[in-house]
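You will see two complexes here that share subunit A, one where it goes with subunit B and one where it goes with subunit C.
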Partner chain A sequence: MTDVLLPLSIAVPIVAATLPVALGRWDADVGWPVAAVTTLGLVGSAAAVALEVYTGGPFDHELGGFAPPIGIELVADELSAAVFLLVALVSAATLVLSRAIGPRGNAFHSAYLLLTGGLVGVSLTGDLFNLFVFLEIVGLTTYALIAADRSGASAYASLKYLVVGTVGASLYLVGVGYVFLATGTLNMADVSVQIVERASYTDPLVQAGFAFIAAGFALKIALFPVHTWQPDAYQRAPDAVTTLVAALVSTASAYALIRVTYSVFTVEFLAANDAITTGLLLVAGVSILAGSGLAVIQSDLKRMFAYSSVAQFGMVVAAVGIADETALLGGIVHLIGHGLLKFGLFCGLALLAAGYGARRVEDLASLARDAPFASGALAVLGLALVGVPPSIGFLGKWYIALGAVRSAGATGGVVGVGIAAVILASTLFTLAYVARVIERLYFAGVDRGDAERGSAAGHAGTPSGGPDGDAGTAVADGGGDAGPETIPTAPLAVLVAAALVAVGLGFAGAGFETLLDPYLTEVFA
Partner chain B sequence: MTGATVALTAIPPYLVVAVASLLVLALPRAVGHGLGALATAFVLAQAVLLGDGGTGAHLATRFLGFDVVFFNVDPFSLLMGVVVGFLATAAVLYAYGSDAPRWVTSFALLYVATTLGTIYAGDWLTLIFFWELTAVTSTLLVWQHGGAAVRAGYRYALFHGTGGTILLAAVVVHFANAGTFLFSETAGIHPTATVLAAIGIGINCGFVFLHSWLPDTYPRPHVAASVFLSVFTTKTAAYVMYRAFPEGGMWLAYLGGIMAVYGAFFALLQYDPRRLLSYHIQAQLGYMLAGFGLATAVGEFAVVGGFAHLFNNVLYKSLLFMAVGVVIYRTGVEDIREMGGLWRVMPVTFLVYVVGAASITAVPGFNGFISKGMVLDSAHEVHEYVLLLDSGLLWWLLVLGGVGTFMSFIKLGYYVFFHGSATLSPDDATPFQTAGMVLAAGACVFFGVFYTQLIELMPFTDLILSDEVYFKPYSTSHLTESAALLVAGFVGFFALKRPLGWLAHHVRDVDAVLFPAAFYAGRWSVWGVTESWAAVDRATMRVVGGAKWVAMNPRRLLANAGVDAEIRAGIGRSVLLLTLTAAVALFALLLG
Partner chain C sequence: MTAASTAIAAQSALDVLGTRHAYVVFALLLCIGLYMMIANPNLVKKVIGLNLFQTAIFLLFIASAYVDGGAIPIVPSGGGTGPYVSPLPHVLVLTAIVVGVSLTAVALALCIRIYDEYGTLRVDTLRELLREEGSLPARPDLPGSEPGSDGGDGDD
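Here is the complex of A and B:
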């Protein structure tokens, strides 16, 4: 009966999303408990699904008893279970963070639940059109959440994402339409069969379909040059929202790209269309370099790590384009790992911003003395992002680079070696901007002692509505405020745990190989 | 093998000693030293017991993916184990009696442990590991004393760091060619690594011109530390030299001959008693290397002579350091010209000094006589570059070294114990110092009289004691030779006393050039590296700074170039980009 968990995991958060707004008439604080209970249930469900998948193998659920290909199917396999687990855990962790630093309203929690439900839907659905629906749910709630702090800049960022994102989603829909025309079905598993039976891999309809879908995903994932919405959105959104969005939203789209490319179009389609792999690798390579380069020159911390995401997702897409078993394993590991790392990094930045008003690199000066745990976790996560072993960041990049070199060895092509070189170069860039952060945190040599404390004391002397309100305004007015000079304990514990997990998973290379092996074998059969 | 022997082969002795070194720190001083002495006595007992059928490569395993042997027991490592265990026990007692701080004894035991690791290594990887550790522990032992020992300790560490690295290179070359680190039954280090190994080990052996660290370091630390230092590093090096070159070679033999003369000559010029003894370490190592070097030219007899001399040298050289140490410990004076007439007030010390001096100068009845005689006999069979008396250059070098040894010990004894009236009236040795010295002195006399016992401990025992080999230490010719040396020594010393005093003021050893040269070379190279690095750094920073400015101010750069455009993409341009991307993707797929 585990398969019932699949529809429940999607439906319950979406239904629960109505509760905070509905009950908000009577209780202004009902949102958090509703969200917390729902998310906890989601974590349990994700754990149960993962356990079933990794011990008993993949399973599916036919919605409403309608058998596919007509009916909609939810599928849990080795890949989707991993993403589901990441979504559930990061959502739960973000809730701890938002509880401490805001936003806290019922509207936020409704949107949060809707977003979570949508993300779970993206990771579990086995239907192309259903995927579009969930992508739209994710997109729309993200637009709303980005604008949640009601500042002008965030409204503009949200509007930009709305317009561009809608065009992107429409491109995806057009692509799905073409595929439907060619195959007459929308069920992913069925499409992969019908492409061969009713069309061919070189059918212009199929090719055009893939082109539209890939372009749409490129936007959702935020690959160069269609990443333009992403830095604004990450920078201007409230800190807790950035954490959630950066860790999960693009991750879900990248997951969808892997899913559609390998489960729907299949690796034979890639083999039959050299132009696609070349194009994907080209975009990915440019994305890696441009994202890393742009990240290096940023001074705003959130913007810096936003551009870093452009580069990291470039690597995941490169893994898709290489079409090698090891590389795809690396892509999946990096997808999960990047979600975890970005959650940790943005969580750490949010805490430092809330506690000390640090929003730009120079604001971090010698913060390690006042906030040793948050700074330490930030440094560890940053180094993991660079790819210093042992860490999950190293594992992902390592497998991708290994796969790239291997495929180059197999085909004698320079492209694989080029991708490996690009990954290496971007590691250096990543080191450059992470080193800037660490250098500021630890070696700025600024004595934050008396002068800062004096001004902080003077600041505390003015009536400002207690530490909670203080933290709220620090988030709301987007910096410039020195903050309460402390960091809330619960999210700090979550942050440190994230850093430890990021390092601990670095030892789990063999584990990832074993767990994902059935999926990879099936895809590359 | 009996059950007890099997059990013994499972216990690496260096672990026992290492544990004891920690206990010395943790426990009360008397208890700790007692345990230390027990641990080293265990090493001795283990080596003796394993001599009865316990040989073999024990604790063989794979480490870092290589085959290694952590406890290699064969006749050579056993004889080293016997003498190191015995002497270390005596030295721990001596240290206890000399008020050695607990840190000194602890470091010393750690040093003994690493030495044992080197001795019992069954492969080059384990050997180089313990070899480097020995350098570290002995440096710690020197540094512990503070003061002048610190700078000398730095030089010591530099020498041994260099030597260790060169030997490491030799081991790597050996592995690259031989394909294994394990010792071979017959061959030593691979021929391609000969020069590297010779220099790497040679630094620890005190090869002429590579020996500066020896007289520089050993006089400086605590007197008890000197006792430990004087025996283990150099003798282990000689042992490893044999491991590397079991076939010997005439280059090694002649090098040994030169070391014997060079060391004895510079010893003659010294007035610091421990510095004098340090030069004799070099001279004595010369005899051992001469013995090893003749392995092919003369045969096993020469090898056994070298090892017997090594064995005896450990005993009497430490005994001499102990005796001299007592004098320094009691008087605080480190210049023999300020001593004198001490034989009346320090009779025990005087007596053990005489035993030690008689042993090192090869007076009949003492152990040095037996082993030095074997080396000289071996050298006598070499007829290259024949000089007087139908004897070759090598023999004459060794004999000349012997005369020099005689002269310098007459000098040392004369200045310390006779030489005018006593101006100092210190107490004699403490009970535990006496215990340590009597142990060592007893062994010197025992092996001098019952010399077959010495041969029993050596490899190739049956061969030496068989009728094929003429081994009669107390034959008339040997006794005559010894008497001649003795007379030459006495006559030489009293005849040359004044010229030697003049020479002592005017002849400097190579360290007078070597140390300043190394110092200024170091300074200049640091300056050169720093300055060139700074130049590279400045250039890099200029480039990076320029790149950063361009990156940070792209709009101003464009404006400077005459282009006035907004770079950050707004909504409209984003949609345009997206549409273009989709179009490109379509074109690429459909037309590509």
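Here is the complex of A and C:
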């Protein structure tokens, strides 16, 4: 009976997405209630699915009653249930934020619902081509949302993302085409069987297929050499959109990479193709270092944490490439944890920007006096991102590094040790930029009034003028339009809750191991 | 011996061109589309390159579905006699075309917005305008540029 929830969780948001636009003719404010009711339903559905999966084991739903491999199936297992739950909770929390700081129009809520439906689709589908369609639904709505503030700069950032993102999805489709040619099927579970029966793990067609798929996902996830769309897109998007996109969109692509690598190509494929594994680890390692390094030298807050995402997703991809049970557990925990942390961080930045016009590191000077809760939550989330225990950020990194070292011990290779060293170096870099933020928040030692005048003068003196092109947010005249100097209560409560959850989950290492164990055992059987 | 093997290689290369020309065209179109996206400074032409890139993939699927002498895959009642061409890739391509059309629509809408705002569709001019407005970090080689400019925006 619970299996009907799977198609409903995808279809209801997508159908509901038509309502705000359709009813908008009569009621300009209908968007938020529709989105809120739908998303609350989604949270309930995600909770029910997760409960069923973690107590009764994985289950699936055959769409239209056509049995796979002919028909499309939706699968809820330990991994997809976790991602589904993250998608539902973060979407619901973002709605609280967007209610307070905008964007508010009906068109925004339609796109928001489409995005949510697409993300749920990515996390639940069990069919390679269906995954492509959902990835494109996610992509399309993300491009629209990033340009939602109607400025020229955001349109340019969005178009850049559109071109790169579409190339990524198209490369994925080429890879799926190759795999389809080799196996004659598109159902994930069936492909993993047919690769052995009709082809082999060293078949050039299968290898090329995986290479195309991995390259496509690298573009979508924003790994180092092809990450350039991401900082612009995150920085230019409206704050609430950045929160949603940073927490979920790349996460969904990274989830899809884990899913396709381990459920379709399987760990034997990785073992049989050393060159591919080495390539994955190389890209991941460079991403971790470059992303952290670039984050340190940013002065725009959103850009800083955008580059940090490049590094964190590098770790998740490294966990995929290491092909070790502990490392993959770490990869999944870090995937979920990073989504949660980035939601909290961008939510905190959005609130400080809305309340005090703080967009750059220097604007944060001594804000902790005026906004103690938001600053405190931001500091906690930042330290969790560094990986200070107990926090979800520590757990993910710990398991990945542990898995890397263990696999190095098992095979005698230097690659695993290298990845562990890179993770440690990245942790230091992360500390460097998070410490800058915390230092400005708490120890700038300036009176707020002086600080604002000082930062305004600093802006006028910068030749590049700073990236505060978005109208109405620049700290231009001594704090006159720097915002209402307060922070709305409802999103603040969400932010504090996110910080508490990030710390609380740090104690749940054993819980993650138990919950994900059936999936890991199946994958590494 | 070497001459013979060269002849065989040339023969098989010709064979590939003769019998697998659709796949060769697929690879060519893919590369042309990618090149247009990278090299052409005009945003609309970048979108056209994107369309070319996607069309190449449609061709891959359609070519893979073709069976020599195959009939249209409509089986009459009572069952017909094969062979039929594979209908599945056709359906996939239909879906992919729909996705491609929506993407093109969004891309062109963004191009219109950019043109309204800046009056140009050329990337180089656009970058200059964005720098002047402060939306892009100053060029790294200019004096007084901030060290934070990442300079990594060269591959779109």
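Simple rule for what comes next: the second predicted complex is superposed on the first by the 492 of 525 C-alpha atoms of A that agree within 3 Å, B and C clash if a C-alpha of one lies under 4 Å from a C-alpha of the other, contacts with A are read in each partner's own complex, and residues count from 1 in each chain.
One rule holds in what follows: a residue touches a chain if its C-beta (ideal position, glycine included) is under 8 Å from a C-beta of that chain, and two chains touch if they have at least 3 such contacts.
The shown structure was predicted, so the numbers you read here are calculated from the model rather than taken from an experiment.
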item: Which superposed partner A:F129 touches (first subunit B, second subunit C, both, neither); value: second
item: Which of subunit B and subunit C A:K342 touches, first, second, both or neither; value: neither
item: Which superposed partner A:H61 touches (first subunit B, second subunit C, both, neither); value: neither
item: First (subunit B), second (subunit C), both or neither touched by A:W229; value: both
item: Partner chain in contact with A:Q207 - subunit B first, subunit C second, else both or neither; value: first
item: Partner chain in contact with A:N273 - subunit B first, subunit C second, else both or neither; value: first
item: Subunit B versus subunit C as contact partner of A:G168, first or second or both or neither; value: first
item: Subunit B versus subunit C as contact partner of A:K302, first or second or both or neither; value: neither
item: In the superposition, subunit B vs subunit C on subunit A residues touched; value: C
item: First, second, both or neither for A:G177, with subunit B first and subunit C second; value: second
item: Interface residues of subunit A shared between complexes with subunit B and subunit C; value: 159-160, 163-164, 167, 225-226, 228-229, 297
item: Subunit A - residues contacting subunit C, complex; value: 129, 132-133, 136, 139-140, 143-144, 147, 150-153, 155-156, 158-160, 162-164, 166-167, 170, 173-174, 177, 180-181, 186, 225-229, 231-232, 236, 294, 297-300, 303, 307, 462-469
item: Sites on subunit C touched by subunit A in the complex; value: 30, 34, 37, 43, 46-47, 50, 53-54, 57, 60-61, 64, 88-89, 92, 95-96, 99, 102-103, 106-107, 110-111, 113-114, 116-118, 126, 130-131, 133-138, 144-150, 152-156
item: Subunit B - residues contacting subunit A, complex; value: 548, 551-552, 568-571, 573-575, 577-579, 581-582, 585-586, 588-590, 592
item: Interface residues, subunit A side, partner subunit B - complex; value: 159-160, 163-164, 167-168, 171, 204, 207-208, 210-212, 214-216, 218-219, 225-226, 228-229, 273, 275-276, 279, 293, 296-297
